[in-house]
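In what follows, chain A forms one complex with chain B and a second complex with chain C.
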Partner chain A sequence: MDAPRRPPSLAERLRGFLYRPDEELPPLAVLPPPGDEARVAPPAEEVREVLSFGLGEATYALPLGLVLEILRARALVEIPRADPPLLGVLDLRGTVTPVFDLALALGLRERSLLVSGPPEEREPVPREARILVTRTATGPAGLWVDRVRDVVRLPLAAIEEPRGGPAVTGIARRGSETLVLIDPERVL
Partner chain B sequence: MSLDPGQVLDLFTFVVGPHRYAIDVRRVDEVLAPAEVTPLPGARAPVDGLLSLRGGPVPRVDLRLCLPAGDPPAGSEPRVLLCWLGRRRVAFYVDGVGGVTRVPAARLQVAPGGPVVPPAVVAVSVEGGAVHFLLDLVDLLHRQSPPAPAPG
Partner chain C sequence: METAEALGRELARLEGGGADGSPGTLNAIFRHAHSLKGLAALYGQGGMEALAHATEDLLDRLRLGRARLSEPVVDALSETVELLQRLAAAAEADPDPVLRDAAGEQVARLEQLASGPERVGSDPLHRLDLSPALRRVLTEYEEHRLRETLRRRALVWSFAVRWRLDDFDRRLPELVERLAPVAEVIATLPGHAPDDPESICFELLLGSAAGEDRLRAALAPDTGQLAVVPARKRRTRAELPGSLPEGPRTLPMETEGSLHAAARTVRVDIGRLDALMNAVGELRLIAAGLQRLADGALAPGVRQLPRAFGADLLREQRQMARRLDALQSGLLDARMVPLSQVFERLQRLVRRAARDAGKELDLLARGGEVELDKLIVEELSDPLMHLLRNAVDHGIEAPSERERLGKPRRGRLSLAARPEGSHVVIEVRDDGRGIDSARVRQVAIERGLLSAHAAHAVTGGPLYRLLFTPGFSTARSISALSGRGVGLDVVHTNLARLSGVIDVESALGVGTAFRLTLPLTLAMMRGLIVRVSGRTYAIPLNGVVEILALGSEPPRVVGDQEIIAVRGMPLLLVRLARLFRLPPAEAPRQNVVVVGLAQERVGLAVDELLGQADMVTKPLGTRLGPVPGIAAVADLGNRRTVLVLDVAAILGEALKKEPPRAARSE
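Moving on to the complex of A and B:
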């Protein structure tokens, strides 16, 4: 006859409770592989979350709360005689959404992209390009950007006063990188 | 594993439903305000999506789906605990947070069995009239994981 199993002691029960870097994790399907994640200190001050993205060589950012979706850039439906920076429209699950050339609107590019109209007249869509669908007073609007970087949590104290035009709401530095914060409403 | 009678545990306390819980404070990397999660195709409860954080996406687990439900104490504000499990970070949605408290290990009680005690609770701390369930997060997730496929 087997001896009755001894209930685990408090020390044994606490073994899994206490943190160990080498502890074994359950096979939750969605857990990403462990990486070299930097430990991040808890925020000690108010922060602003922004989505950073690239336009040419520069890095810009807009408030994360304004971003509804991030779409892989694609050919758009042409609007005849549309004025730049309007590139065209896309059908966002039944909602016709205008898409604007953000680099052109900010004066970073002189010529508008040709990403709508007949296929033979369009230029190829760069693989990294994305459309940021943002919330505006007149409804969703798409912003064509060269690439999306990441979400950045900026302490308010790290955001400097704007300079460089009415669309710029602030300047922030992250390491050696400068983030130009913009208000899409003012750009458009 | 032996427990030093004089050992003092630093616990981070939080609320889910009607109960107060505590975890090893070394697990807690950040406490965040709730933010929208990105739905994750194929995710199953209690994982409810991905949080986009500096350093990459982090799966979020809704602890309300793992622990007894009920109304949290009045005034509780939901938060997201960004925790270390091994070398990974996992976010946990909770109904509110308490703070950090120090409890001598000698004052902890072994969690009684039975339906009253939530799963994965390994010990109970009773300090100043407040009862905290010491929660083994890794064990809790093991209980929520699909069983391994049978060999063959």
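Moving on to the complex of A and C:
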């Protein structure tokens, strides 16, 4: 399997051999000065891309840029003595990710879902339910939603002033439908 | 930051090695100072660069023998390293003006030390009969070593040797090693061109105080021309070198590995290792999936697939699992670092603390080569620092007091690590005044931790455990170093985070020993898998003391707590189902897992024991924050994720309600 090892050339061996302490000091690695990463200014945006999803009868949306991943909802690992709206955690490729009941957090539901713990104590996971893994300041957080609708490009002008709770960042209309834009950071 | 630390490490060796620094150590220090200067310049840290430059300057003079290595020099260097580390730590933020001024002062001090009087006298090198051609190719360092050899009245020898081309690069290090007890290889120079194209010639300059016979014996089996490089005698001295009146003194040898050895280590961000570890975890799941497929294909009654397919699949799966094992253990190894990383930092600190406190002591560090998970080693420096400072400030008595007590004037402080199974035990021991039990009881009563009645019943371990209570301090004077009784509290918290255990042993007037028992790694752990109300949990096996079946006799109920008797001793029983507010299960027969940390024990009642498992643990993550009673999440394979119990937290929670300890206002 291994490629035959090439013996080091005479020059290489001599270099190591004739090494003397003060001939040479280690060359310094050339590192880029800190804080010099290429910074691309975001172009002035006219539209905003949001992911819309359903909670009960209503339609909500959050900035698409915050969504890391959409998972088919599944039973979670129960956290003992967890306070609602925490539903449990899931192991997302090695990162332990908490999942929250978004409907409960927004006050749309009274009772938390039972989706963690032993099978006999769980309610079945609805076929359409999804977990939106979102980026937050303190690491990824999962939001349990009833169903995912689609990605909507909203003209900035179509977004109205927020009303209805601190987590709401704006209201937008699309045809007969009302989209409630939320900030996941503020919900939790 | 790490370069500064490496610099400090070498410096500690210098301090340990007396005032006569070996050339290897000095060279190593010089190299670190040089790289530090370059790095500082690269990042535009002006103050740091100037300081590193001054350090390099001073070291260069020491190295070349132009300045003498004295106590003030070592002290100044040692303080410089600390200053450099602080500068490095502050590099992110705005440079603190106080720090900047301190750096400026230190530069002036180093410059003054470096400009000290040079050694005078005629250059002894002129007395040496070396050809001008040879003299020209010698580096300044080699010249210095030659001078040093003459100064010690040893002889300089020349050894012309011919080696075969295919093994010469192995022969030289072997020769250097063989010569080490009797001679120093000062220079390796290319020799005359050989007539044989298969060989290569070298001329070595050796410094040796040993006689020719011993030298020849050490040179064998390498043969060549050995000759003394004649040195003209100094007129005032009659005796010849070679027969030294000083006795069999050997020259300091360069045993230090060269730069090439240093390049064999690679620094890896622990986050990257974690990512690899996770990749292994994912692969494991795939392996488990493959196995399931293979099992399915091999099952009797399966028609669609040839059975050979199942067998092939299974074989592949086993291959993959084996490789995964190797990969996983390799990754775990990569996380291991020697304890010396933190020991050396501590030695410097103790030295300074002792000076500031006016104590005289020797610190013995042993077991620095013992390796532990990088994360554990890093977290250990704080607790160990507190224990050592405590020993210096409160343990070891002032020199005069020690003499009055008939003890040796210099105190002994030891820091020793040794592996013990899957654990490492680190002991901090002093021969100071020991813990005054009466004083501990008195403070405990004053602070309302114990009733006077209860206090007198407590002795030994449980009594010493009070020292780890937040805010507890028995020192009559609060020293600037040890702070205000926060030390031992920090030790306890940090250790619990590392699933470590601390034991105290003390005898009044004789000394105190703190023993820390730590797991080798946090990433991999052996756990006892238990079932409670249909849920599965893992209990770290290092916290498990014993396992009992809950007898038919009902537990005694005291207040809202249950107590069982184990071999006549009362044991607090914690029903996990109740603690975690789980629906009760109708388990026919409960088991009790006795868990313990230090002197504390409680029994955890569980429904069922499922066995033991090696687990790769993962932290709960920053978003969730700490969850009471849960330390981590672990993967049991086949997509089963379990929670790992936090034994220390559960103990703490259970014992907080314990009746004998009077309720504190919280």
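The working rule: the second predicted complex is superposed on the first by the 143 of 188 C-alpha atoms of A that agree within 3 Å, B and C clash if a C-alpha of one lies under 4 Å from a C-alpha of the other, contacts with A are read in each partner's own complex, and residues count from 1 in each chain.
Note that in this section a contact is a pair of C-beta atoms (placed from the backbone, for glycine too) under 8 Å apart; a residue touches a chain by one contact, two chains touch by 3 or more.
These numbers were taken from a predicted model, which means no experiment stands behind them.
**Q** Given the touch rule stated above, what does A:Glu78 touch, chain B (first), chain C (second), both, or neither?
**A** Only chain C; A:Glu78 stays clear of chain B.
**Q** When the two structures are overlaid on chain A, which partner does A:Arg111 contact: first (chain B), second (chain C), both, or neither?
**A** Once the two structures are laid over each other on A, A:Arg111 reaches no partner at all.
**Q** Once the structures are superposed on A, label A:Pro140 by its partner contacts, choosing first (chain B), second (chain C), both or neither.
**A** second
**Q** Quick check for you: in the superposed arrangement, does A:Gly94 touch first (chain B), second (chain C), both or neither?
**A** Only chain C is touched by A:Gly94; chain B is not.
**Q** So, does A:Arg153 touch the first partner chain B, the second partner chain C, both, or neither?
**A** first
**Q** Determine, under the contact definition given at the top, whether A:Arg127 touches first (chain B), second (chain C), both, or neither.
**A** After superposition on chain A, A:Arg127 lies in contact with neither partner.
**Q** Going by the contact definition given at the top, which residues of chain A touch chain B in one complex and chain C in the other?
**A** Looking at chain A, the two contact sets intersect at 10, 13-14, 16-26, 28, 31, 34.
**Q** Within the complex, which stretch of chain C touches chain A?
**A** Counting only chain C, the residues touching chain A are 23, 27, 31, 34-35, 38-39, 42-44, 63, 139-142, 165, 168-169, 172, 187-188, 190, 254, 258-260, 262, 274-275, 277-278, 281-282, 533-535, 579-583, 618-624, 627-630, 633, 635, 641-643.
**Q** Quick check: in the complex, which residue numbers of chain A touch chain B?
**A** My answer: residues 7, 9-32, 34-35, 37-40, 42-43, 49, 150-153.
**Q** Write out the stretch or stretches of chain A touching chain C in their complex.
**A** Residues 10, 13-14, 16-26, 28, 31, 33-34, 77-82, 86, 89-91, 93-98, 117-118, 120-121, 136, 138-141 of chain A touch chain C in their complex.
**Q** For chain B, which residues are in contact with chain A within the complex?
**A** 1-3, 9, 23-24, 26-27, 29-31, 35, 40, 42-44, 47, 50, 52-59, 84-90, 105, 108-111, 122-123, 134-136, 138-139, 141-142, 144-146, 148
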